[in-house]
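Chain lettering (A, B, C and D) follows the sequence in which the chains are written, and residue indices restart at 1 in each chain.
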Amino acid sequence: MSKSEICEHLIALGADFHRRGWALGTSGNFSVVIERAPLRLAITASSVDKSCMTSDHILEVDGRGRMLNGASGKPSAETLLHIAVVQATGASAVLHTHSVWSTILSDYHRGQGGFHIQGYEMLKGLEGVSTHEHEEWLPILENSQDIEALAGEAEALLKEQSNLHGFLIRRHGLYTWGQSLAEAKRHVEILEFLLESVGRRRMMEPIA
Amino acid sequence: MSKSEICEHLIALGADFHRRGWALGTSGNFSVVIERAPLRLAITASSVDKSCMTSDHILEVDGRGRMLNGASGKPSAETLLHIAVVQATGASAVLHTHSVWSTILSDYHRGQGGFHIQGYEMLKGLEGVSTHEHEEWLPILENSQDIEALAGEAEALLKEQSNLHGFLIRRHGLYTWGQSLAEAKRHVEILEFLLESVGRRRMMEPIA
Amino acid sequence: MSKSEICEHLIALGADFHRRGWALGTSGNFSVVIERAPLRLAITASSVDKSCMTSDHILEVDGRGRMLNGASGKPSAETLLHIAVVQATGASAVLHTHSVWSTILSDYHRGQGGFHIQGYEMLKGLEGVSTHEHEEWLPILENSQDIEALAGEAEALLKEQSNLHGFLIRRHGLYTWGQSLAEAKRHVEILEFLLESVGRRRMMEPIA
Amino acid sequence: MSKSEICEHLIALGADFHRRGWALGTSGNFSVVIERAPLRLAITASSVDKSCMTSDHILEVDGRGRMLNGASGKPSAETLLHIAVVQATGASAVLHTHSVWSTILSDYHRGQGGFHIQGYEMLKGLEGVSTHEHEEWLPILENSQDIEALAGEAEALLKEQSNLHGFLIRRHGLYTWGQSLAEAKRHVEILEFLLESVGRRRMMEPIA
């Protein structure tokens, strides 16, 4: 994708996720790899309202999160997390959403360091998964304002467990990625659907 | 309906169902009978994002699910289920949605093989139902990746119980159909409404 | 309002209510008084998809529910209920919505014949209510397919209790009305908001 | 911002909040400071449907809530509350929304006079907050139809606790503000998100 196509897609995706309540306030941030070696990443600027982004809000950074091309603005505070995901997984696009369900489930299961999602047909929307019997592990990282440390933890996690499709940060939402922006967007929809399903299912449990 | 009208309607329906969260990721698939003997079916392609389909994503298959007219793409993995429904019920359109409520209720009631919905005025939106006192049985099939076997089960079920308007596949969503695409769409809305009502009603129960 | 303005407003209102899930399938029906003596009512046709009405779906009936002006189509099956409301209250517009929350609360409270809503600021959106301390009684009628009988019950209820702003039919939704279509639409929004608030509040109760 | 820009922004914001269910009926009211000394405020008119405002619905008032410039219409009944917030906090914009979650949580916690929100990353969207560990106190004022008294209470509260970003009025919704309309809108989204998260999290508690 050209830079202008990346902008066009991220602007539309931001408006859609904002409408669904997955990127309210200035939450959520999105990135797409422009070039892999040396790494150049298009990433949403810090503190942007996702309902009305323009191409000025999509910045370009290098593999250490430094701004390229003299553009103005400040890249997302979570840029290093995006770079960690790209480097550990080889992903071409990284999406971070911040929904109510990811927020509360990442809190509910904090004690177990994550939780399994199994037996749902929707799992097959995750790349490489071919049966609902698949057991997806969704790890939870403790939240921190030390993004460098958090990025290090994420990178270590992703290198250790190469079969993940996403992870949660406690009370902070979901990170997922893909070999293309379309695949990453699909993973957001799949995982947000599964989180809502798991959450609502749990609320019915005691009545069974 | 002509092929281009079918495309136009399925594209609009896909966008609407996607917006409502009934066809996220690449879930959901939709078909319309073009000709009955020999059977020719327009069906959504496999792994398509329902929010932005084009007519290239509506393929034509025969009564055994084989592609017709040399079109490119791959028909929905669940094509045989659509054909089974068409053949067992005589329906002209088959719609499969994958909502949160159908997913969790098909799990909640797995032990009983289905559940009754009774006493709701909304039931009258199902073809041939003229009173809220109607007792609708919504069977649940166990999910499987062997679509041929699953299609066989669905066909046997529908031939045995000719009064059904839909069925669930466990943790996989809803199948419904109609004598026209408009009737099938109405059945989706009716059944999704009833599933949400039954699910939320159940969550209030212990407080009564 | 002229007939064409009535059509324009009801078409927009139908699309909005359908989008919100208050008039799915072919549920919901809406009417506006054209002339009061002798009564002429514009009312939505039976079995119409509210997301895509045209002016052909707005029919004209007299005070006994008979079609006027030789238009084709069939007026809403619940026409007599609309007429009963108009005659008992003097309303200029009657709106019937069919949401999940009105459906389940009308079932939950069936034993008490209705329930009070009190202490909510939103009550002030109901015509003539000037304080949140107002106690609104929302009666529940048992559902029936004998619309003539149901209309009789509604009329008796409304004549007996002249301070009502709406009533529920069990597992069938809400009727409300107003001195104008705008007032009736406001009453729908107010009462649907209150129903959702009351319903969700009740689900938090045992945790308090 | 010019008066016409203020109108344009408030009209768009009203339509968005109405769509989300945060300003149904005629609930919600919004204001922007035009000039600070002497105070001139643009504020939404009383009893307006927020889904379809025009610039006629944005009125101008002075620091005592009196209409300026001979415009017709009646300013929001809660004008004095807006003025109290502007004067106590120095805010440039004040937004009052009326969602289901703010309504029920302001009731649920009435006994404690408010509640803390802590540990959520989303808190960082509140101006001046730089860590999820921040403890935000959301006070609850008892509702009253004596707006002058309520405005006095709000002003006293805001002067006493200068670190607040919003407050609730019991069963009446949320007030928040900002140094700009964009900041105030962001605060609405942040606080409404947090209220929904806190509310749903609480409903999962007993299952843990």
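Quick note on the criterion: contacts are C-beta pairs under 8 Å (C-beta built on N, C-alpha and C of every residue); 3 or more make two chains touch, one makes a residue touch a chain.
Every value quoted in this text rests on a predicted model; they were computed, and no experiment measured them.
S.K.: Which contact partners do chain A and chain D have in common?
M.R.: The common neighbours do not exist; no chain touches both.
S.K.: Call it same or different for chain C and chain D: same when shared residue numbers make up over half of all numbers used at their interface.
M.R.: Chain C vs chain D: different; shared/all numbers falls short of half.
S.K.: From the C-alpha centre of chain A to that of chain B, how far is it in Å?
M.R.: Averaging C-alpha atoms per chain gives centres 31 Å apart.
S.K.: How many Å are there between the centre of chain B and the centre of chain D, using C-alpha atoms for each centre?
M.R.: 44
S.K.: Which residue numbers or ranges of chain C touch two or more of the other chains?
M.R.: Only 203, 206 qualify.
S.K.: Applying the document's contact rule, which stretches of chain B touch chain A when the two form their complex?
M.R.: 21, 24-27, 49, 51, 98, 100-101, 103-104, 107-108, 143, 145, 169, 171-173, 199, 202-203, 205-206
S.K.: Chain D touches which residues of chain C in the complex?
M.R.: For this pair, the touching residues of chain C are 16, 119-122, 125, 130-132, 182, 185-186, 189-190, 192-193, 196-197, 200-201, 203-204, 206-208.
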